[in-house]
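Several structures are given next for inspection.
The two complexes that follow have subunit A in common; it is paired with subunit B in the first and with subunit C in the second.
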Partner chain A sequence: MRIFLKSIHIALKVNLAYPRDYLISLVIYPFILILNIHLFTSIYAYSEVSHIKGYSLSQMIWYYGATTFVWIFIFNFTDRRISNYILTGELGLRLLRPVSLFQYEMANAIALRIVGILFEFIPGMVIYSLIYSPNFLTIASLLKFFAVVALAFVLNYVLNFIIGVTAFITQNNAGFKRLMGAVTTLLGGAMIPLDFFPGWLQTVCDYLPFKYLFYEPVRFFINHGDISTAEAFYRVIFIDIAWIAALYIIAKIAWKLMLKNVVVAGG
Partner chain B sequence: MQTVAGLLRLYVYHMKMGISSAMIYRADFITGIFVSIFVSGIGPFVQFLYFTHTRGYPEWTLNQILLFQGLLLLWFGLRDLLFGQVRNTVMDMVWKGDFDRLLLKPYPTVGLLLCSGFQLHGIGSCIAGVLVTVLAFHRLDVSINLWTVPLLIVALICGVVLFMAITIFYCSIVIMLIQISRISELFDRITDFANYPVNIYPLALRVVMIVFLPFAVWTYYPTQILLDRLDYGIWFALAGCVGVFYLSIKVWYLCLKMYTSAGG
Partner chain C sequence: MDEIIIKVQGLRKTFKKLRKKEGFLSSFRSLLIRDFERIHSVKGIDMEIRKGEIRGIIGPNGAGKSTTIKMLSGILFPTEGTVDVMGFTPWLDRERYVRHLGVLFGQKSQLWWDLPPIDTFLLIKEMYRIPEEDFKARLNRFKSMLQIERIIYQPVRTLSLGERMKCELVCAVLHEPPLVFLDEPTIGLDIVSKETIREFIKQMSRDKQTTFIVTTHDLADIENLCDRVTIINKGTIVFDDSMERLSSYFSNRKVVEIKFTQPVEEKLLDSYKVISSGAMSVSIEIDTGEFDLKKVIFEILDRFPVLDVNIMNIPIEEVIKHIYSHEEKVVGYGEKVGVG
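And then the complex of A and B:
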């Protein structure tokens, strides 16, 4: 645990070296929000409705803002970093460290997100709220969002770790990473709320972990009517934990299998 | 003229290098093309979902927006194919201090940077764009008149010129600020406004997108040309592209003058 905490501390120092990179989000966010305001105002006005698929105009505009916030909480480079270790031969060095690669990368991801929350989420939330007031937001919905998005972070980390491990087979897994990125964002509900999908596709999404990365956290954030009960909240938490446990086992098995065949040049 | 010919030769050389380097990881490249086609299909799919659950955008039917999406994908593919690598190249060069080498070459520095832009991965979006455009053509029964093709070619050339201008602005910022990797994201978010028909925006924003930052020339006007409902705004947009390009060159030389080499 001490080594793990130390790893987080070191990664925090590295990530804090270039705070300007994070602060640029403050310039980016208004553009995203303004685009969504115009887009959905036009759609809602032209359709002459106050709600579409259970989303009010402000909830729909904020849906995409909240998706950006979810990215801030869950994003990490683990897949790319593992692929780079293999491509550059750095993997040998990493394997000699007194902390496992899983823990080391987890520490790095945690540090990265701490900086992201400080420099992107908090100011971003203020800027968004000033431009378009989140009239649906309550303390309870925000707290539920934090709980669900924390689990989404772990889930995304384990998924990325598994994708990173595929680089043992392909060396350069950029194409696969892109595919997974597209599947995750589409079937996770980051591109469009899953309620818009045809019934059969919604059923497919129910059996995949991706909706717990975006769709569910975002719905808690925008305080969607369907998830207002405590039962709905605990159900999401339970499924989240189940997915994390299942994927963790897969990650461990994949790592052990791949490590047996690894050859580090010069190592 | 000699300079342009030289730069074109250099571009072809970079193109060959790009293809060779993509072929080293052939499996990844082929996967990348399929992924690119799949990813490109998401945009039209999302629009389809919006149009089936709402009335869509004013003045646009589902098939018309399909044509818009097809041309948008075609444009994305083309711009990535032509200049997709420039951002990475300039960022990498400035970070590593290699940018100074470009200043010694017998060609304009900005030309050299633009010549390094070829990125084969853009072909995936092009394929997806052609597929969606052909499908939309089939469903819309578009009629092509005498002016359609020349106007489309002019719009395409001006669109490329505008994208070059935006890339030059990007390069200018990178050589000044050195270590801001997310500048790219900022540019992408601004150009995202071009991903939707201009008429959904309020008047002030519409004027900006037609005259001052004429993103409308990339997809909106080509679609309007094909749908035979062009307005005089296109002439402002075409002139705007040339104006923005001129401005970008001015800004580039200004930034280059202030560039302080190693260590920023």
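And then the complex of A and C:
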């Protein structure tokens, strides 16, 4: 555990070596939000309704802001880092340390997200709230969101780890990563809320892990009516944990199998 | 001193390599039909290394020495053979085994580029659970031995190559492992830094009985550092003996360097095997199996206006060049060697 904390500490220092980078991304947020305000205000006014598919105007406006925030919580590039280790031969060095790559990369991903939360989520949240008030937010909903998004982070990390391990076969997994990126954003609900999908596609999404990356955390963020019960909350938490456990086992098996055939590049 | 720390038997590694042909169309073809060829990188290696030994492993590029090292360090599964290092089978017990291992890759850094080396050291302290007092004591000792008191608090990117390499070395031995692999530890360094690093390695080996396995292309490393040297060529061991025996490898051939007081006509030297000659000097090689060294020297002293004579063994570079370019096994001393 101490080694885990120390790794986080070091990764934090590395990521904070160039802090100005993060502040630049803050400039973009207001533009996206203002665009959404105009778009959805006119859509809601035109349809003369207060809710579309259960979303109020402010929830809909915030939906895309919320996907950005979920991104900030769950993002990591473990997949790319692992394929880089394989391509550059640095994997050798990693394997020669008495810390598993899974743990090491997890510490790095957590550190990266702490920096993201400090420099992107908190200021972003302040900026958004000043422009358009998040009137749906309660303390309870926010706490539930944190719980769900923390699990989404772990889920995304395990998925990325598996994609990274596929680089053992393909050497370079850029194509596969792009495919996975498209699938996650689309079937995960980062592009459009899943409620707008046809019924059969929604059923497909129910059986895939991707909606637990974006769609569910976003719904908890905007405090959607469907998930306000305690039962709904526990259901999501339970499915999250089940997916994490299943994918973790797959990741471990894949890692063991691949390690047998690994060729560490370079002399 | 006689305790064996590494025992290798019949180690082999065969890679399956995709055969790629030239041309754009054949790239597409290879998506459908895959040609594999088998590359026998390591073809049956046996060796033993004793505790506290500094063992040099050399060989031409692509000879299979990195492959061997990777298998010994547990990051590559061999095709065949057994390795026993301190009771571990490296590739099977990797996670436990690496706790007892230190590594340095001269061409790859384990230091964090943007942070001072001390941060990496602190992480290593946690990784190997080094007690606080031990960590402090060791770091202080290493700091003064390698003269890195100040630089370990500066970001790695601002350090010179020599300073960085010293810190890499600290990373490899901070947890005082009984076995350390050093891959080209002096690559690209100046003569003073090289000397410091060699001294450090020797001291560790003396004080802590640390076993070092050093791969290098720098013969000075081998000459100044190693007790024993293993030469790997084309996947097999072609020489495995002490340093002295390597330097007296061609015991029946001597090089005689002669300086003259005045220029000597080249024609007069035709009867000797001249290796190189200058205006006032010449180097000749004498096969002592064929000629009597004493006789030849007397003859030369008699015939030419000699200022100085120097009798030497064949230089170690020549020995190694010879071993690299010949396939037959020449392990052991005193064996007849085909000189060609």
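Throughout what follows, the second predicted complex is superposed on the first by the 265 of 267 C-alpha atoms of A that agree within 3 Å, B and C clash if a C-alpha of one lies under 4 Å from a C-alpha of the other, contacts with A are read in each partner's own complex, and residues count from 1 in each chain.
Heads up, the rule we're going with is that contacts are C-beta pairs under 8 Å (C-beta built on N, C-alpha and C of every residue); 3 or more make two chains touch, one makes a residue touch a chain.
Keep in mind the model is a prediction, meaning the values are calculated, not measured.
*Asks:* With the two complexes overlaid on their shared chain, look at subunit A and say whether subunit B and subunit C clash or fit.
*Replies:* Aligned through their shared chain, the two binders fit side by side on subunit A.
*Asks:* May I ask you to decide whether A:Gly199 touches subunit B, subunit C, both, or neither, giving the answer as first, second, both or neither?
*Replies:* neither
*Asks:* Between subunit B (first) and subunit C (second), which does A:Ile43 come into contact with in this model arrangement: first, second, both, or neither?
*Replies:* After superposing on A, A:Ile43 lies in contact with subunit B but is clear of subunit C.
*Asks:* Contact-wise, after the overlay, does A:Ile3 reach subunit B, subunit C, both or neither (first, second, both, neither)?
*Replies:* In the superposition, A:Ile3 contacts subunit C only.
*Asks:* Which partner, subunit B or subunit C, touches the larger number of subunit A residues?
*Replies:* When the residues of subunit A touched by each partner are counted, B comes out ahead.
*Asks:* Using only C-alpha centres after the superposition, what angle do subunit B and subunit C make about subunit A, to the nearest 10 degrees?
*Replies:* Nearest-10 rounding gives 90 degrees.
*Asks:* Report the closest approach of subunit B and subunit C over their C-alpha atoms in the superposed model, as a whole number of Å.
*Replies:* Nearest C-alpha atoms of the two chains are 7 Å apart.
*Asks:* Common interface residues of subunit A with subunit B and subunit C?
*Replies:* none
*Asks:* Which bits of subunit B are touching subunit A when the two form their complex?
*Replies:* 25, 27-32, 34-36, 38-39, 42, 45-46, 49-50, 53-58, 177, 179-183, 185-186, 189-190, 192-193, 196, 200-202, 205
*Asks:* Subunit B touches which residues of subunit A in the complex?
*Replies:* Residues 18, 20-21, 24-25, 27-28, 31-32, 35, 38-39, 42-44, 46-49, 52-53, 170-176, 178-179, 182, 186, 191-192, 196-197 of subunit A touch subunit B in their complex.
*Asks:* Tell me, which parts of subunit A touch subunit C in their complex?
*Replies:* Of all residues in subunit A, those touching subunit C are 2-3, 6-7, 10, 13-14, 17, 89-93, 95-100, 259-264, 266-267.
*Asks:* Name, in rising order, each residue of subunit C that touches subunit A in their complex.
*Replies:* 15, 61, 65-66, 70, 73-77, 94-96, 98-99, 101, 103, 105, 107-108, 110, 112, 114-115, 119-120, 122-123, 126-128, 183
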